[in-house]
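Next, two complexes with chain A in common: one pairs it with chain B, the other with chain C.
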Partner chain A sequence: MSLGDLKKNFLGPVMAILISALVTSLILISLGESPEILWEAFTSTFFTSFGMGYTLYYTTPLILTGLSVALCFHAGLFNIGAEGQLHLGAAGIVAASFLFPQLPWYLAIPLGIVISFLSGGLWGLIAGFLKAKRGSHEVIVTILLNFIGITFVNYLILYPFKNTLVQNPETHEISKSFFLPPLSALTGYFGSEIFRTTPVNVTLFLSLIAAVSCHYFLFNTTKGYELRTLGQNPKVAKFNGIALAPNLILVFFLSGGLAGLVGVNEVMGFSHKLIEGFSPQYGFTGIAVALMARNSPLGVILAALLFGSIHNGAREIEFLSERITKEISIVMEAFLIILIAGHRYFLTTFVRIFKRGSRD
Partner chain B sequence: MPNNSQELFSFNQITKRFGSIVANQEVTFAVEKGTIHGVVGENGAGKSTIMKILYGMYTPDSGTLRFKGEAKEISDPETAISLGIGMVHQHFMLVPTLTVWENIILGKEPSLWTLNKKEILGKLEELKTSYDFQLDLEAKVETLTVGQQQQVEILKLLYREADILILDEPTAVLTPQETDSLFEKLKKLKEDQKTIVVITHKLKEILSLTDFVTVMRQGKAIETLPTQSLNETTLAEKIIGRKRIPLSNVETGAVQKPILAAENISLSTQQGTLLDRISFTIHRGEIVGLAGIEGNGQQELIEILANVRRDYQGSVLFDSKDPMQFSTYDLRQQGFSLIPPDRHQEGVILSFSLAENSILGHHREKNVSKGPLLSETKVDELAARLIHSFDVRPNDTQLPLSALSGGNQQKLVVARETSRPVSFLLAAHPTRGIDIGATDFIHQHFLQLKANGAGILLVSSELDEILKLSDRILVIYQGAIVAEVEKEKATESQLGLWMTSGGKVCP
Partner chain C sequence: MIELLASTLRLSTPLIFAAMGGFLCERSGVATICLEGVLLTSAWAAATVTYFSHNPYLGVLAAVMIGTLTMSLHAFLSVKAKSDQIISGVAVNLLAAGITPILTKLLFSSPTNTQTIPMAERLNSSVLIVMAFVFPFLIHFLTYRTGWGLRLLACGDGPEALKTSGISPKSFRFVALALGGAIVSFGGAYLSIAHASQFTRDMTAGRGFIALTALIFGKWRPLPAFLTCLFFGLTDALQIQLQSHPILGNSFPIQALQIFPYLVTLFVLVGFIGRATPPRAINQPEQ
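Moving on to the complex of A and B:
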């Protein structure tokens, strides 16, 4: 990557981060809090083993939902349904564990991953199918499918799968053979204490593999080529023998599947059960992640890390301050999104003002 | 150089690079006030670039622009507009859902809160009558023909009191009648001391319209001459930099077996009857021209033949098979090649690289893919071959296609569709926006395809092209074939009559 490319790809996002940090600081000051806690939260999320562990734990699902949205964007489609798809994915794992509790781990783990991908994917496929066959707009369909999907999974949590021994709205624990090891188990094997007591687990690697696979799929396969052509101009695609319907269905299946994998991180990697409201809107944050990464699957990794750290940093701030709650992250994320969505405009305006200033 | 006292603006040693590509190299020429100035040259010769520099869309790397005798820096189009410079782009910049007058004031609304429609309409009516524009100011732009949309663009510039009008390929999409009416307006504007710069490939237009002509070649302005000193042959030679080689006709044997047959194709939609019982047969080894003014059903016919539209009556037989049983992709694999009428909406993806565009529609073929995988190196090799054989400029396979001039984009499409086993070629406006050198090359290539046994249906609104290449000519008018004539018996005037009236008016 040349210097020009670096500038083009990173100048906007970096400026957006700095400006939104500045605005968040101003809000903290106006609430009578020292902006230093923002810095403190930042250093702790990146430079302590505990903070980094949590940051990566939040990053993992955001990579997956970011990819889910980005993949659809490449085909010119808007998947707002990742939230519902990831709920279905998580429920799929729990169901698989209840159906086959006796499986050995080497079958249970692949089954869990495949089931979460399939159940998320099938939920996504509905939107693709309706668009292909009936022309229903995918935005409306995925929004509505979110309501249905989340409500359905909550029903499963509260009734058929409910752990009646506890009062919390959660399911029974899945069988041990489905458990994925936390990263601390790996680091501990080498005698290190890094990531101890944090929930980050090997699903992180799965999400990284997914990102690389998405990149490869989009840019090195004929199918990826077809999807990108379709996303750029459906009419050109049609004139050149790229059929609309099967590609629409396929891309929504894959997108849904990627979102469904979030269940692996949550259920197999950390809580080992399904808890109502387990997702702090990973599906919707995924839209922001994809936007920030400009739909580059590899860029999604970095963008997810950023949003993961903001998410984690907000928890930290809540802990450090008596006045501020973790919802401050929403403020910062919102500024980031506005600045990134309009960064071309802001940058050119900035450059123009700068030029005019220097000319006078 | 023309007499300096009349000079309105001039380019002095202007150089503009895009990365490693030199688009303009020390371009120097002047334009006089109150003249029509033609800029000609091959695709990618730097004509559009130099005009975009004048309009402030690009800033030159070096050199100066002199405007009314003093050096001026035009850093953006707003500055250009304030100096009275206006540009009509190849692709119009209009909002389809707004009316004509709304489009015209867009970006120059009189004030933020009030809109004195009466005053605006008054001023527009005045301009309309003085230059004879046939436009309904209250009509929505989406309902207008291409020619009318162009009139809106010109009216917009006049409303903004532009004194210098730059027109980039203004006649590429116009019918002959629209072209005539445009030229009348331009001549009238010249009388009113407006200065007009026209970029075009059409030699006849340059000769009949302009006062001066600047010839560009490979980024350089070779010379600026008074148009009177030129004729079609000398101008063509100046543009391509050598003598023009006439088409050498390739011998064809007797008419071979049919490759494509249309039988009683009719198409009716809510807009009425678009195609009316169209029948014809095209044999291997012949070129059939389909002449007609655009909008007489050619688009629909092409979509039906190319298998992207299936809501018609009648039947098509391609190589004695019903194309409906194939997917569009498989049809192409059977040797059906298509140069689509609308490049940007049907032929290419502008944001894709040249390499990616050169496999569009053939991306699953063995020579670029292996199972589900696309081979980057093989795609690149293929692209490099196409670019080399059709002299596409610039020749960097990794550039986005949008970096190329329209003509070079078209060359890549023609290269892609004809550099493969072709049994039938449906070529719609194959040389639109292409310079004469490349046009000759493509025409020669078509004759070669014909000699190799391909059948070609050439859809064009350019009678010159039809007459030059076709063995047989069909004329389409209001969705029906109104005439069929052998090449030897066809005359331009007779064809023109069929095209415009369906032959109902007898000469």
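Moving on to the complex of A and C:
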């Protein structure tokens, strides 16, 4: 990557981060929050093992949903259905564990991963199939599928899978063989204390592998080339004999599958059961992640880390502050999306005002 | 039976306002998935202003102002800044979902709800229910019988034609979205100060999306969308009655009724029951 590339790819996002961080801090301070608390939340997010552990735990699902959205964007499609797909993925794992509770771990863990990918993927595939065969717009279809999927999973949690011993809307615990070890088990093996008592688990590695595989798939395989051509210029794709329908279905299957893997982090890695409303809108934050990363699968890792730390920082602020709630992360996210989505307009306006200012 | 009917009217009112406002926005050629966000901010404004001013009409006024402002942000982003209209909608929804609990916590020191408004200061819901039943006909007339309505349809289906006749589709969309946002806001005000007596976090509970769904089910036409809202209101009323039913309440999965609106709309979208085609120029920023 040359210096020019570096400037092109990083300058915009970095500016967007700085501006929205500034605006959010100003909002917080004008609401009467002391800057010390912001600083404390910042240092605890980035410079403590506890904060880093939680940040990475939030980063994991955001890498997956970010990839899910980015992959579709490459093919010129908008997957706003990651939220529903990840619910289906998580439910798939719980179902697999209840069907095969006796499996040894070396079969249970691959099964859980494959099932979550498949159930998320099949849910995503519906949108691709309907777009390919009936021409239905994928945005509207995935919005509808989100509601249908989440309501269906809530039904599973409240009725067939319900843990009747507790009041909370949650399922029974999955069988032990499906558990994935937390990262602290790994660091503990080497005698380190880092990440202790935090939920970050080996799914983080799975999501990193997914990001690298997506990069390889998009830029080094024929199928990836076909998808990108479809996204860049459908006419060129058509004249080159790239079939539309199978590619639409494939990309939505893969996108849904990536979102479905979020279930691995949540169910196999941390809570070991399915809880109603477990996802704090990971699917929608995935849109922000993909935008921030400009759809680069490797960039998604960095962008997810950013949004993971925003999420964790907001949690810290809520904990420390008496006035501000954790929703401040959603506000900052919205600012980031606005800045990036309209960056051309904001940049030209800025330049115009700047020029006028220097002329006067 | 009477109770079911009354409950249907009450539950479909916010959907009708949101769908009618959404109609103006979408028909002008701007994809508007942020009805949910506009409902949320306007509901918050209505509850807050009514609580402090003890006057529900001021509350409605505040709701309309804040709701219009929220929709104008969407207009600014998608028309002026030429962002992707879906992404802009997502951003507005996120902003609304984030800012309302923060402001609620700040003013009422609880992030989940505003203080309860006494019964005497609540808005009489029949006013808004009647309005909700008049609006669809008004909008039908406005769209199909006036010059402004024809220009609205042209703006969504062929903005080039509108441009040729000397009207800027951009400014036309701004007007349509501001007007649409104002209409949606009545739905928000209804939710927080007529149907309920306070604003609670995420109190819209997906109604903006159900309204959008009704608009699609009605094939982007005002009167069919209105009927669909009534129909979805009925399924919602049924679900509530079933929940409180002594025997059925525990065994019947209400989720089956909850997904019903989305499921039938999916069928329409796929083309099994007629076909829903969006306005042609939707989601294409005017150059």
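The rule is simple: the second predicted complex is superposed on the first by the 344 of 360 C-alpha atoms of A that agree within 3 Å, B and C clash if a C-alpha of one lies under 4 Å from a C-alpha of the other, contacts with A are read in each partner's own complex, and residues count from 1 in each chain.
Everything below uses one rule, namely that a residue touches a chain if its C-beta (ideal position, glycine included) is under 8 Å from a C-beta of that chain, and two chains touch if they have at least 3 such contacts.
Please read all numbers here as calculations on a predicted model, not as lab measurements.
Of the two partner chains placed around the shared chain by superposition, neither chain B nor chain C is touched by A:186. Of the two partners chain B and chain C, more residues of chain A are touched by C. In the overlay built on the shared chain, the residue A:223 is in contact with chain B alone; chain C does not reach it. Judged by the touch definition given at the top, the superposed model places A:233 against chain B, while chain C stays out of reach. By the touch criterion stated above, A:194 is placed in contact with neither chain B nor chain C. By the touch criterion stated above, A:329 is placed in contact with chain C alone, chain B being left untouched. Of the two partner chains placed by the overlay, neither chain B nor chain C lies in contact with A:19. Residue overlap on chain A between the chain B contacts of one complex and the chain C contacts of the other is empty.
Residue ranges on chain C touching chain A, taken from their complex, read 31, 33, 77, 80-84, 86-88, 90-92, 94-95, 97-99, 101-102, 105-106, 111, 206, 209, 212-213, 216, 253, 255-256, 258-259, 262-263, 265-266, 269-271, 278. By the touch rule above, chain A contacts chain C in their complex via residues 31, 78, 80, 130, 134, 136-137, 139-141, 143-145, 147-148, 151-152, 154-155, 158-159, 281, 284, 287, 291, 323-325, 327-331, 333-335, 337-338, 341-342, 344-346. Residues 220-226, 228-229, 232-233, 235-236, 238-243, 355 of chain A are the ones touching chain B in the complex. Of all residues in chain B, those touching chain A in their complex are 75, 306, 308, 327-332, 338, 340, 344-352, 356, 359-361, 363-364, 369, 372-374, 376.
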